[in-house]
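Shared between the two complexes below is chain A, which has chain B as its partner in the first and chain C in the second.
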Partner chain A sequence: MKQIARITVLAVGLMLGMASAMAAPQTYKLRVDGLSCPFCAYGIEKKLGAVSGVEHVAVDIASGTVTVTMADGAVLDEAVARKAVKDAGFSLRGLQPAAAAPQEAGQAK
Partner chain B sequence: MQLRSIAKWGRNITLVLAALIAAGWLAFVPRAKGPPYAFVAAWGEKGSAPGQFDDPTGIAVVGDEVYVADSRNGRIQVFDFDGRFRRLFGTPGSGPGQLGRPMNLKVHERRLYVAEYFNDRVQVFGLDGRSLRIIGRPGNGPGEFSAPGGVAVAPNGDLLVADFYNQRVQRLGADGTPVRQWGETGKIGIWGGEFNYPTDVAVGPDGTLFVADGYNDRIQAFSLAGALLRKWGGPFAINIFGPFNGWFATVTNVTVDGQGHVFAADFYNHRIQKFAADGTFLTALGAKGSGPGQFDHAIAAAVADDGTVFAVDFGNNRIQKWRQARPVLGG
Partner chain C sequence: MKAALKSGLAVLGLSAATAWGAPITFNTALPVHEGGWVLREQFVFMKVADDPTPARRDMRVSGLISVLGYGVTRDFALFGMLPWFDKRVDMRMGGQDLTRRESGAGDLTVLGRYTAYQYDAPGRTLRIAPFLGVKAPTGEDDARDRLGRLPPPVQAGSGSWDVLGGAVLTWQTLDFELDSQVSYKANREARGFEAGNVAALDASLQYRLWPRSLGAGVPAFLYGVLEANLVHAARDRVGGADDPNSGGTTLFLTPGLQYVTRKWIVEAGVQLPVIQHLHGAALGTDYVLTAGFRINF
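This part shows the complex of A and B:
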């Protein structure tokens, strides 16, 4: 009986954990070269911010990394991201899903 | 015998190369022909409180006040000439009075003209911060903008706008009616009259239009009627960048003082360069770093009536004040 209760608690905990992970907005880290000028960085923010489902774009000019946070349930298609980055005048060097959604400085349009 | 001939040949080639380098240096790296500037003071740090900045990108001077585009904070901050905070206006957004990444600033007849990169428009403010007019909308047609980087006003009130992603400079009547454009919409080019992401514009006292042709690493000068007058920045001014006198590594701002001198922000060289109106190199101020008189990417400058230069130190989130080290006889 005690064991069944322990398993039930464990299962509920696992489900809650999974649900919270599934509810977290998907974020992506993009690698783009040559992002140290605000005219470039803002262009990336602007073009990616206009992509459907994108909720937040954070560009770290110093490190040249771009973090894209999607709306709940939305995913960032790599081809779409590649085109947005190209429209901004750059080449996308890499795109990787990231674990958490940061809410630091930088905003989409 | 053969070895001696090869050595002689090699020596001759070395001499020719050395002569070419020396000739190139003399031809393409001018000496300073104007007096230097001395660093006076700096103010600001990263943040969102009054007097702090988050990506300062533009600057203008009117009367005894300095106006700074505090881009990520979506506002304009106003200071006196000693860096004392006076007031601010604007919040992030796209409504009237709000700002979407304000970039280069210009003042004309006591009105502040703000190029808004995110909102694809030019917004005109009174010096009290009241929004007076909005010009332009997103697009690539006449009178439309795609991330405008800078704006200037001609003596007759016409607007000149550096239309960054449209690869052109537009001239609009004072009422916003399109008059003409320089550059082919959306086409990047390195030859005279073409642009590679123009970032800013300025109009000289004689009506000459100066364009900061950003990624072409040069300044182009035009008559307001449209003719290309001259261009400068590196050998032949055809997108050859470098750290030498008169060369650029991305030009992010151009402004003209009351005497017609042209000041250009040389972003990746961490300095402001000063030229005569004909493009003659006069002097440069700043070097890379975070100490007094050093820049972490110089992005813009403005000149007061008395010749004091205020420069935006983008990466260090501060404003620097410079004065000419010694007076110039005859102005």
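This part shows the complex of A and C:
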């Protein structure tokens, strides 16, 4: 009986964990070339923040990366991201899905 | 008086027409993002003196220069610059001390800048951008006092439509920024006076003093700034003849500081003439103080 109860608790826990993981917002890490001063970083936050489905943009100037957090169920299209980065005056080197949403300073949409 | 004033204002005029990036006294090629606005306000105080003649002319110019920039496209930005001046010249004439003074809005300059070349790499960028502009005679150029019409350098406006152009190169890294600009301003005649054309070669180094090592996010930067402006002004023409007491060449050095954040910059510098070769009895610049801010929106 005890064993059945333990398995049930484990199964419920696992399901809750999976549901939580599935509901986590998708984040992307963008490598941006040409990003080298704080005053210029504002433009990229503004342009990416205006993309449909983007919830949060966090720039890390030292590594030249921008972490974009999407709303639930939204995805970031690479061509759209490339255009936003270009309109801000920079060049997108690459885009990769990341695991979790960051808690860095940045612009919330 | 004319040569030094023209040199100083030429440098400041071009700087004021450029609201982006980092140099204090001139242009950079850094971006104004598409659809973005930049506002720059710059307070300037200039002292022009050392008159070798018995008139002992001493001129002081205070100015507030407002610049609004807009990113039309990723590569093309438009800038409008409107100065407000308070110009005062003290002199001795006929055994009496005289003061002549004029305050008011100056001439509006509209300038377009196109980024013709761009190379981006991680943490660095190289940009080259030509620019072309026109100065409209929006300022008063026929102000008078009890002695009659004020001389052209004391007027708030020139009365002429002038054209300016040039190119700027910017190399920016996370540690420093280097800018170099060449420019030329062709002045035209108004009311019998034509200010000499002005050619300038400028360079600026901004070095990150703080923070020494970069943390996460977008930290604010404190830059130490050193700029050089080599300005050559041709002789003015009055009534169709060259004015022998105008024009010349000045080399300014400008040490300064800038505090740069994501949305605003505050900056200050003092422009000092280290070499002045002026024609005739033209006055030399003592110094130019500049302080201001820029905001992104």
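The definition used in the following text is that the second predicted complex is superposed on the first by the 93 of 109 C-alpha atoms of A that agree within 3 Å, B and C clash if a C-alpha of one lies under 4 Å from a C-alpha of the other, contacts with A are read in each partner's own complex, and residues count from 1 in each chain.
The criterion applied here is as follows: a contact is a pair of C-beta atoms (placed from the backbone, for glycine too) under 8 Å apart; a residue touches a chain by one contact, two chains touch by 3 or more.
Predicted, not measured: the structure shown is a model, and the values here were computed from it.
**Student:** Chain B versus chain C on the shared chain A, clash or fit?
**Tutor:** Pair status: clash.
**Student:** Tell me which partner A:Val54 touches in the superposition: chain B (first), chain C (second), both or neither.
**Tutor:** The answer is neither, since A:Val54 touches no partner chain.
**Student:** Which holds for A:Lys86: it touches chain B only (first), chain C only (second), both, or neither?
**Tutor:** second
**Student:** Classify the contacts of A:Arg31 with the two partner chains as first (chain B alone), second (chain C alone), both, or neither.
**Tutor:** A:Arg31 contacts chain C only, not chain B.
**Student:** According to the stated criteria, A:Leu76 is in contact with first (chain B), second (chain C), both, or neither; which is it?
**Tutor:** Touch status of A:Leu76: no partner.
**Student:** Go through the superposed model and pick first if A:Lys46 touches only chain B, second if only chain C, both, or neither.
**Tutor:** In the superposed model, A:Lys46 contacts both chain B and chain C.
**Student:** Of the two partners chain B and chain C, which one touches more residues belonging to chain A?
**Tutor:** C
**Student:** Using the touch definition from the top, say if A:Leu95 reaches chain B (first), chain C (second), both or neither.
**Tutor:** neither
**Student:** After lining up the shared chain so the two structures overlap, which partner does A:Gly64 touch, if you call chain B first and chain C second: first, second, both or neither?
**Tutor:** After superposing on A, A:Gly64 lies in contact with chain C but is clear of chain B.
**Student:** Please pick the stretch of chain B from 55-63, 91-99 or 127-135 that overlaps chain C when the two structures are superposed.
**Tutor:** 55-63
**Student:** What is the shared patch of chain A, the residues that chain B and chain C both contact?
**Tutor:** Touching chain B and chain C on chain A: residues 36-39, 42-43, 46, 61-62, 89, 105-106.
**Student:** Would you pull the chain A residues touching chain C in the complex into a rising list?
**Tutor:** 31, 33-47, 58-62, 64, 86-91, 93, 104-106
**Student:** Of all residues in chain A, which touch chain B in the complex?
**Tutor:** Those in contact with chain B are residues 36-39, 42-43, 46, 61-62, 89, 105-107, 109.
**Student:** Quick check: in the complex, which residue numbers of chain B touch chain A?
**Tutor:** 54-55, 57, 71-72, 92, 100-101, 103, 117-118, 147, 149, 164-165, 197, 199, 214, 250, 252, 267-268, 297, 299, 314-315
**Student:** For the complex, give me every residue of chain C touching chain A.
**Tutor:** 20-22, 30-36, 71, 74, 115, 118, 120-125, 172-174, 177, 214-221, 260-263, 265, 294, 296
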